[in-house]
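One chain, subunit A, appears in both complexes that follow, with subunit B as partner in the first and subunit C in the second.
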Partner chain A sequence: MSNAVSALQGATYQGFVTVTEAGLIGMISIRGDLTSKPLLKALKALGLSVPAPRQIVTSKDLTLAWMSPDELLLICDHSAAAQLVQTLSSALEKTHALVCNVSDARALFRLKGAKPDQVIMKLSPADIATLPTGEMRRTRLAQVAAAVWRSAPDEISLICFRSVATYVQGLLETSARPGSELFETAPSSS
Partner chain B sequence: MLTLTCPCCGITAEETEFAPGGEAHLKRFGPDSSDADFEGYLFARKNPKGVHFERWRHAYGCGKWFMAARCTATLEVFGTYAAQTTKPPADIVKKIKAKRPEWEPQA
Partner chain C sequence: MSTRLSKGGRLIDRAKRLNFTFNGKPMQGFAGDTLASALLGAGQVMLGRSFKYHRPRGIVASGVEEPNALVGLGRNARFEPDQRTTTTELFEGAETRSQNHWPNLDYDIGEINDAFYKFLPAGFYYKTFMAPQAAWKHLFEPIIRKSAGLGGVPKEADPDRYEQAYAYCDVLVVGGGVAGLAAALREGRAGKRVWLIEQTAHWGGRTPVDGGQIDGFEACDWIKTTLQELEGMANVTLRTRLMAAGQHDHGYVIGLESVGDTRPGADIPRHRLWRIRAGRTITATGAIERPLAFAANDVPGVMLASAVRDYVVNWAVSPGDRTVIVTNNDDAYRTALVLLDAGLTVPAIIDAREATHGALPQEVKARGVRVLEGRGVARVLGRKQVKGVEICAQAGEGGAIETIECDCVAMSGGWSPVVHLWSHCGGKLIWDAGQAMFRPDPERPPLGADGTAMVQAVGAANGDLTLAATMGGAGLGACSSDEAPMTPVWQMPASAPVALRFKSFLDFQNDVKVSDVQLAAREGFESVEHTKRYTTLGMATDQGKLSNINGLAVLSDALGQPIPATGTTTFRPPYTPISFGAITGEAKGALFQPLRRTPIQSWHEAHHAHWEPVGQWRRPYCYPKSGETHREAVNREITNTRANVGLLDASTLGKIVVKGPDAGRFLDMLYTNMMSTLPVGKCRYGLMCNENGFLMDDGVVARLSDDSWLCHTTSGGADHIHGWMEDWLQCEWWDWKVYTANLTEQFAQIAVVGPKARELLNRLGGIDVSREALPFMQWIEGRLGGFDARIFRISFSGELSYEIAVPASQGLALWEKLVTEGKDLGVMPYGTEALHVMRAEKGFIMIGDETDGTVIPQDLGLTWAISKKKTDFLGKRAQQRPHMTDPNRWKLVGLETLDGSVIPDGSYAPAEGHNANGQRNTQGRVTSTYYSPTIGKGIAMGLVLNGPDRMGEVIEFTGEGEARIKARITDPVFYDKDGEKQNV
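Our next item is the complex of A and B:
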């Protein structure tokens, strides 16, 4: 089997925040009725529960995000994804549901630094300043769809399709160019 | 610019995060209908100045369709509601009536 490589193989850029393509990350798309018992049971076995709309729940090295009324995204280690898909698929065998390993169909970026908000603010119509921790915000980044969340106090993570990873890296680099900060401190509304 | 609230995920966002889907609450006329009904279903659309019902899709967000009641003249949004309805729900009609007393819902 050929080696798995991420979209931009960990490309980084040092601007007023550090933009990094996060490398290989496991991502599993789960679609189906989010109230169905087999799903609740399967998630409980992983130490997770169905998150409330737009929320994120975590357990050890797993992160589960609410993506739409019938879709969840499970973020895990790249090497663990295949096994998790098997576990979940067999648990949901008898229900109308889909479990799909989308690790290699997506790209994940991390913005690390004092003002990661400002990089997104320039690109998205979403009100990032008021985005609470633990919320997954799906929005638009210039011309492509992206999902954004606060993964640490000084870090914003961002998922987009792999096919637009180069475009997104370009956007983030331009947006994070040194000296192009929008303002010095965080806005008082945040 | 329109600011819509998606009833499926609860996000309030501006127009460019959504994709418009045209007039809401159309009744489909299929193969066995009369030519006039079929033509009306395909082509005849309302173009009111004032209260209008539209379909929208949260294209860059949760991806779900929903309906919106808004004013075409002022861009005021009276409310958004589930796509699985065949006519405007009572609470939306009430909200419109409160702001546009002269407006009457059409059968």
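Our next item is the complex of A and C:
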């Protein structure tokens, strides 16, 4: 679909970190028994395995996150999502599982810069300083649900629901305004 | 008179002069000054008028405990009343105003209250103005409100921004004095994640003023090296200007940071509210000096002894040329030494103790200062400024022995540990008779979730008042002058007659005197909590930091019981006032609360939608054209939809997928009707009730496949219903194989409604939407004009209607395509009000209108949607209870006004007679009421007693005021009863 658009169409803000809505992204919700053979096999075929609790792993173009004891989130290209849903659904046809395309139900933001933690610290009650690379934290940003993880050095990614993308962008912009840094350097978690 | 000294002042930078004004008068201070030190330095001793008696007042303290020296700060939108000058840092251009006087500070009409003090005792309001009743509201209260009270209220919205932040640590150390520094150092060296916070801008607490040696170093050097070591630790966070307001359960501490107070208008947050989770809190919050209760102890120039030396040492400000010190302890002698070192005069030290032998008194005596032992102050002379003191025997009744001229009185009644944080979560106190103070009881600390101590008190906050005791507690050696025991003095002189007690202030901010507390005791107030409320002792913005212990000591004495038997009042957060802005944080303006937006929201905005809030969504109510009223727009939208074709953004509709081998069984339990038998490809309307049988949600269910269903819910109910499903699946039927997913936001959903709807969809092409290919109450999937669409043939309007779901990313494009393609068909968007009217014309119920949490489906004539075959569903049993099967439950009917008018929302139908409460009996009420442009008159639905049996009967409904509106009871379906239009 050529005229498909993400919630904020790549809106960006330059504060003490750069806030960017990441545009269209593919997301697939997988619910099922995370130890079942068909699921393991279906993931293996994609080069993936079930992440440990709260972990998020990447393999080539695919990222897989543990969401709950019976739920995973597969992140992929927006254009690849529909086909992946079909592939996974077929592979899991004989087992009790639910695979849904949730790409358009969400918005993805990236915080780039030296101090993305400080933006999250203002909005989320999670202990962000101790969040290791490779872990996704499901939390809230002010009044809405979100999931955050360290997606690259000097970068935090976060997912929220599409309908509140404008609200979240507003939160991130307010929190990233120059002059409102919490620390000169990031506080240590040790 | 107070003045700036020519040298000294460890906190000020004389190179940086700052201009400010007091009551419009230009003054100058230095960088590093507080407002208080700058005002004193500029010679301003009197700063305001008192709360009740309008007595002149000046600065008493040098920190958070200050009761008097509050000013209005700033102007217009940035005006803020009651700013404590002792903790507000001076900044360039600060505008300050004194409070609580009229017409001005020097000449105040309200001062007459002071002459009538005998008529304004404790409980004055409770005893006076009792009759006539109406006079309180209209006469007494307005006058009292004008006369009492502190600062004015800002009248404009706060232009500043505020924020919050969360922090975690193993150990939170509150207080950056030497005890806090030592604690942070110990914990930091142990590798703990430490936060050390200090409410002022400076480290070291009182020690730099009071001096001494720590660990073999001069105290100031020790502070400096300790700070350096802490700053070098990656695991330690140091923060000044951050006040710990409250210690809450689970190690949750709220703190207020001053970020931009000294830079008004700068593009930075003014305050930041910290929400800290601490494994353990160490309170190193120090102690506060107590005043002494002698007559006229509130005259400007009477200050705490510690504050006097703070002003000299920290800011090079002399509170007076001649300072008389009045004390019951050795510590206050330090003030004399500081004053002498600064070249100021100490005419005498009045010591209530019979004899003084301590090292400090010896040192002071050796420098030639008169020390009058066993003496007290009978009264202070002067009104707007201290002129002298009358000396008496402390043991006596206040007969003056001599008068000493002075312009400052430094008083010290001993010290009280700051136990607030210790006490907030239930830490207990013990009475330390030797130092006459309550201190934390280490045996009864506040307990954390694991049952161990959550808070530890150290240093002066723990009752270790001397430097040696404080540092000893931290395992460090320290030395300072030895101090001899103090003697408690709660009233000066001990047998002061009533005339003196009437002027001996305990609570300066609320004007509570010794005589008031004694009166309360005589009148039977034995509990300290009751006395507090009766006299207002400790109820002002300073929360009694100076007055509490003195007040309860006076109360104990009046009741003839020891102080511990009286106990303290409750310590509650916040420690000092925190701004509403900080509590609000980012949640104001556009971020006040999340506003959910559909994928088509921007189009609605561009087309001037008038909005209606639905949950956290904002949906178009109607789309008024220029010159059109909302009512006219709604009528146009309805008429056009019924004649041509209308578009509704139905994206907010809840869409929950339910899948699994037990999904059918699960839905049969959730809905009142049967969903398991619904064939794949078909849709069925269903009702959901809660376990009490009350109707909770409704919507169309579509069967997607053998083992999956899509449940549409109401817009406002989607999240709740999804949670409801998961609750039953996770907590009750955990062994059922069912998965759910809330896909509400995955899809944009557009209702294409009206006789020309089919033609419009045909123009897009790709899917056959003919009557044969897609009959009523079925769905179909495919590519509609290039869009990935699932089309439901369902109708909430009674017209030919399709609801098209596409991925949210494609929603706006589809909407715009429909608008373009349907131009010559007369396509128009319609809003929620048109939706409401059209569904009411069809007699369809609306959750929240026809239901209010007390209505069951049977009340609404929906028995057809309640399965009789199913053995169970949620609500079934409840609906069989006698009250639910009562034939007298009000039932849904249609209502048609005889004169064509619209019955007001919420109208009741009065019945004969009155109930036991004298209220008019009723026989029904309106649930939905609209003007129907289709019928051309007012239509309504309502719940009416025996309604369905009274078809054709005319009953009355309440109108505006006493008006009554006649309406005929009808079938609720006003339009196309046979459903021919939706079935074409």
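Here is the rule we use: the second predicted complex is superposed on the first by the 187 of 190 C-alpha atoms of A that agree within 3 Å, B and C clash if a C-alpha of one lies under 4 Å from a C-alpha of the other, contacts with A are read in each partner's own complex, and residues count from 1 in each chain.
Here is the rule we go by: contacts are C-beta pairs under 8 Å (C-beta built on N, C-alpha and C of every residue); 3 or more make two chains touch, one makes a residue touch a chain.
Keep in mind that what you see is a predicted model, and the values were worked out from it rather than measured.
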Which of subunit B and subunit C A:A145 touches, first, second, both or neither: first
Subunit A: partner with more touched residues, subunit B or subunit C: C
Touching partner for A:G23 - first (subunit B), second (subunit C), both, neither: neither
Contacts of A:R54 with subunit B and subunit C, given as first, second, both or neither: first
Which superposed partner A:R137 touches (first subunit B, second subunit C, both, neither): first
Contacts of A:P38 with subunit B and subunit C, given as first, second, both or neither: neither
Subunit B versus subunit C as contact partner of A:S180, first or second or both or neither: second
Contacts of A:P125 with subunit B and subunit C, given as first, second, both or neither: both
Common ground on subunit A, meaning residues reached by subunit C in one complex and by subunit B in the other: 125-126
Subunit A-facing residues of subunit B, complex: 8-11, 13-14, 16-17, 59-64
Of subunit C, residues touching subunit A in the complex: 161, 163-168, 191, 193, 234-235, 237, 259, 266-269, 272, 275, 277, 585-587, 590-591, 593-599, 617, 657, 659-661, 708, 737, 739-741, 743-747, 786-788, 807-810, 812-813
Contact footprint of subunit C on subunit A as seen in their complex: 1, 3-7, 24, 29, 31-32, 70, 78, 82, 96-98, 100-106, 118, 121-127, 129-130, 142-144, 161-167, 170-171, 174-175, 177-180, 182-183, 187-190
Residue ranges of subunit A in contact with subunit B within the complex: 53-54, 67-69, 71, 125-126, 137-140, 145
